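Listed below are the structures to be examined.
One chain, chain A, links the two complexes that follow: it is found with chain B in the first and with chain C in the second.
Moving on to the complex of A and B:
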């Protein structure tokens, strides 16, 4: 049995008009909720505090935290990243009263040339972080830390160190990400710095 | 001596010619062929391990990406030219759906919202909700807009028209998804077959459900909330299918071994499209039967 449209080409009925309007509103509302959910999940943070070295911070909740190393006092990595895992790391070095931030930066560059493949400093600049003078070092290197069994290319990593000297110790806050996603990931580091207290 | 026709035999019933293409038949033929072809390609490359020359393999992958479109042209579009009352605007619906997918839908989901980036570590209910509210709603809403404002109410003459236009929009959208997948991934034919089947299942299931909402709003006396409700269900099917299929296709970490089970992904996609076709066909039959009964009872009075 063929049931023809009773009004082909005629103006829409009230039900059809309301139905269309409700459908459009529902779609916009649902997508808006999706964006809210996204903001909640990506903005979720966990808190960390270390009274031994005097830092208090927040980091992305889903990142993997590691404080069990001699090279750093705190490190979080985004393990969902394919290839190089985006990393935020804090390390502390004792320094003399005459040591400046620039000395620490130069010392880091000398040691990293020996340990990191193709390490190059891109820029060194001075700035302040909440009125504390800091030295900003941007650099790049080739990361070859992935398993050799994966037979993958090495990853070009871009990094930024923020160096400052507080209470006789140099605090080195590092942010490292694959060079092609560094700018996209940088807002995470910005948020990290805005909550960091030391 | 001559014999006349016995008077007790009823005269042959004059069969009414159905002037439109039968959309359910075309849809079921296309779906069965896609499932069979993708299933055969998957089994041949996954379990038998045929090694084809690179050029032939690339050609096969492209053929798989275009498979829903080719079958739609063979069983739906060409069949439309052989009926007395063909549907107009099917090509436009398909093209605009494909262009909207390429220009708006896929960039919005994959580049702006990026649900895979932030949902991968979440619990299953959150992932389902997340995909429903992002990828699902974007995909189904774009197809709805194309059918509603491009095909328009003028094109809807019978209930089945709604299915025909919604499926045309679905074929356009899934073809773009298939092409984007094969262009951006160096995948083997078995994985492409799984992905094509997945795109087909979620798009056909979502569009069929949406078509029911549109058809009932245009031809039935229903609540104005029915069409939004069908959009919600269509988006939810996407939200359910995307994370569940990934769960089947990818290996899970365990203490023993990490073994993926892509055959479950194949069965899952086939199950989704089969259940969707069965359910929506049932609903269409119910409402048409109800209308027939009410019309016949009305004519007797």
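Moving on to the complex of A and C:
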């Protein structure tokens, strides 16, 4: 929009002043509305509840959700992301009364080293999630899960598992992202954890 | 489980608009196809489903055997020969590498490792499953990409002179796939599987098919797998044409005659009918394993060198028995079979039949070196039916392990008029009832006092000398020999003869030979087993099924015929009576009437007993279905029983589809024209539109991710005329989507056939 002052040196009329102010305010308002709409779209979440497993959660709305696998009970992937698809998944496995979170972490490491290329555990630490004791495992591996008929480089993936034992089963919450964007993506996982009920 | 209502896509209208503006779908002709490809035959798909198999010794990673295989399921099942994949003396490698043709026209590239999951050494068929990545990393079943595969012909749908395509690797892995087209020239009949046991093939230009293509597929004009190219290297075949020294296997720094010679096999001219592979494929696809838990009481292993004897010709085969013995055959003969007895054969024995007509080799009747599939001892036949043969003197020479196994060739003259010669034919066995009728199953008789044979006679003249001799377990019963003068039977053209040995009929293998003027005219084999129930033999009884929760768990005490789903292991029990050790018996398992296990083996348990135990299991649990166990001797069904698990019907595998539109292409940046890596190409099921799509994976039909050059391949063929929706959305670019992505057969043909190539341009947002 272009505002012309028809006669330099002549003061604006009251109407013109109100028009200018209104225009500026309208522009600011529209900008703000755009931001809100954008935030609604990009920050929109979908809800998910599985009473069988006993979990309730929210996840980014346009992430591809899957619950039809024997390996996990819930998984979402950001399919709009180029390269490795940032993934959050929850799996459960039965444990004995003597099993600790650390035992589960070690067992996971032993099985993953057979199935994930160049799997390395970076760290294992204890913490709490809303007063629930958890084990945090950070790891890395090379992802090569592409069609054999295509030519793709493997991607270095960084992952973090949150392990806890609840009601006789180990709950493993995993977050995986390309190593070079792990930190940028991590807030999504933080938000996921903050809404997660189990 | 609940989904919030705000999950619905909001951009449907913008996507539709963008589709109109930005989606540029450029149909370009597919890669060069065989110029004479048959309609319905997607040669590109067949080639992609063909793999190169390298068996390697883990100790020093040197090659031990090589061959070709064909993917027969999307989850990595490979059908191939056993002789180059299953661990043996000639192929001692313990790792199987699988190489794929990534680009048609180029040599295969190693990608995976596989394991043998089903095999039949004698039939020379094996099913491999891809279980590891090339580097040895374990591949979980659902982490393996959906692979291209071919379908087995539902029945042997090809006939003589039909065009077929043969696909395999022509050398030790240096060259691209060879896919000559040719003709099915004849069928070879064999005791192993009847009239269509082997398919004789000839390339259009009569070029030789190299031995490394063994294990590759023979495809009909519809692109269905009808046979497996087969040529077993002979143990003594160590000439330079039969094997190749390609690596320093003894690690002495030199490649010379001290190194392992990798067997290549001779030129191929036959394919094993796919009918033999079907049970193996079915068992492997369902992960079913059958194990006999009853400990053998007798060792029925071979002793001595393999040999054959008593060759003769017959014009037809009934229940694996010769109808009569031919001395000569008239002009126009279209069926001719060579019968012979065999001893001490093993599944690894290689046999070959060379036929000459008037001294000239006849390829159509000959059988190149192949594995033996008949067990240890017995009566074998090979020949052909329904194929008119020219006049001439036919000479058959049988080779065993590369050595001529006959003192003189078996010869017969074909030509001239049909002679009215005295003849016996069609010997069948049973027990006579009070009315003089022969009853029973024909070739399995119960233990008792008498066995009766009935046979047809033609052109016999009263007073003519004829002889009958019975044999038991390969030894003639001297006392049974009867020579007499033929008596006129009037209008009746059948007669009978009896065996009444002292002490009754003992369980075992019996034979009746009939001679006219001291020349063999007919013979028949039968087995005596079981107790007598009327004219029939009661051999196997009381089949029971019990289930167990795991492989190691004890089976339930209560037998049943209907179990809930979740059964991990099924046990089958049966009782048996009066079976002689070494008697060939057959056990056959099927699920929903599809046979997945059939094995004929010498009986090795005690003569009578109870609770012979078989175990049927699957690592992930037995799939729902109706399972049937059948027990046979001499191909006579003696008893059967079935049990249903879960809903009593096999689950439908929605991925098991190889026909349709194969979609691939490239996604590029519209400004730079460079491919975009890691973009998801989502094909939404025809049940959902873009507006209905809630980003649930079960709404997807297929999914593809672009590679570093932006290329993608949809892993499942799209069904014709199904209105899919397609969505391409990636950060930094405007999303693209379209409903009604529908391809008809006509449209695909217009675009040059499979695969359908797309080029998609994305614009920065």
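Here is the rule we use: the second predicted complex is superposed on the first by the 164 of 198 C-alpha atoms of A that agree within 3 Å, B and C clash if a C-alpha of one lies under 4 Å from a C-alpha of the other, contacts with A are read in each partner's own complex, and residues count from 1 in each chain.
One rule holds for everything that comes next: a contact is a pair of C-beta atoms (placed from the backbone, for glycine too) under 8 Å apart; a residue touches a chain by one contact, two chains touch by 3 or more.
Please read all numbers here as calculations on a predicted model, not as lab measurements.
Visitor: Once the shared chain is lined up, is A:62 touching chain B (first), chain C (second), both, or neither of them?
Guide: Both: A:62 reaches chain B and chain C.
Visitor: Regarding the shared-chain residue A:194, is it in contact with chain B (first), chain C (second), both, or neither?
Guide: In the superposition, A:194 contacts neither chain B nor chain C.
Visitor: Counting residues of chain A touched by each partner, does chain B or chain C come out ahead?
Guide: Residues of chain A touched, chain B against chain C: more for C.
Visitor: With both complexes superposed on chain A, which partner does A:166 reach: first (chain B), second (chain C), both or neither?
Guide: neither
Visitor: Looking at A:80, would you say it contacts chain B, chain C, both, or neither? Reply first, second, both or neither.
Guide: Touch status of A:80: both partners.
Visitor: Just checking: does A:127 make contact with chain B only, chain C only, both, or neither of them? Give me first, second, both or neither.
Guide: A:127 contacts neither chain B nor chain C.
Visitor: I'd like to know which partner A:71 touches here: chain B for first, chain C for second, both or neither.
Guide: The second partner, chain C, only.
Visitor: Can you give me the overlap between the chain B contact set and the chain C contact set on chain A?
Guide: 41, 62, 80
Visitor: How about chain A: which of its residues touch chain B in the complex?
Guide: 1-5, 8-9, 12, 15-16, 18-20, 22-23, 25-27, 30-31, 33-35, 37-38, 41-42, 62, 80
Visitor: Can you list the chain A residues touching chain C in their complex?
Guide: Checking each residue of chain A against chain C gives 41, 44-51, 61-71, 79-85, 114-117, 144-153.
Visitor: Of all residues in chain B, which touch chain A in the complex?
Guide: 18-20, 113, 115, 117-122, 126, 129-130, 132-134, 137-138, 140-141, 144, 148, 153-154, 156-159, 213, 217-219, 221-222, 224-228, 231-232, 235, 288, 291-292
Visitor: What does chain C use to touch chain A in their complex?
Guide: The touching residues are 1-4, 6-7, 9-10, 48, 100, 102, 111-112, 133, 135, 137-140, 142-143, 145, 147, 676-680, 682, 694-698, 700, 704-709, 711-713, 715, 729-732.
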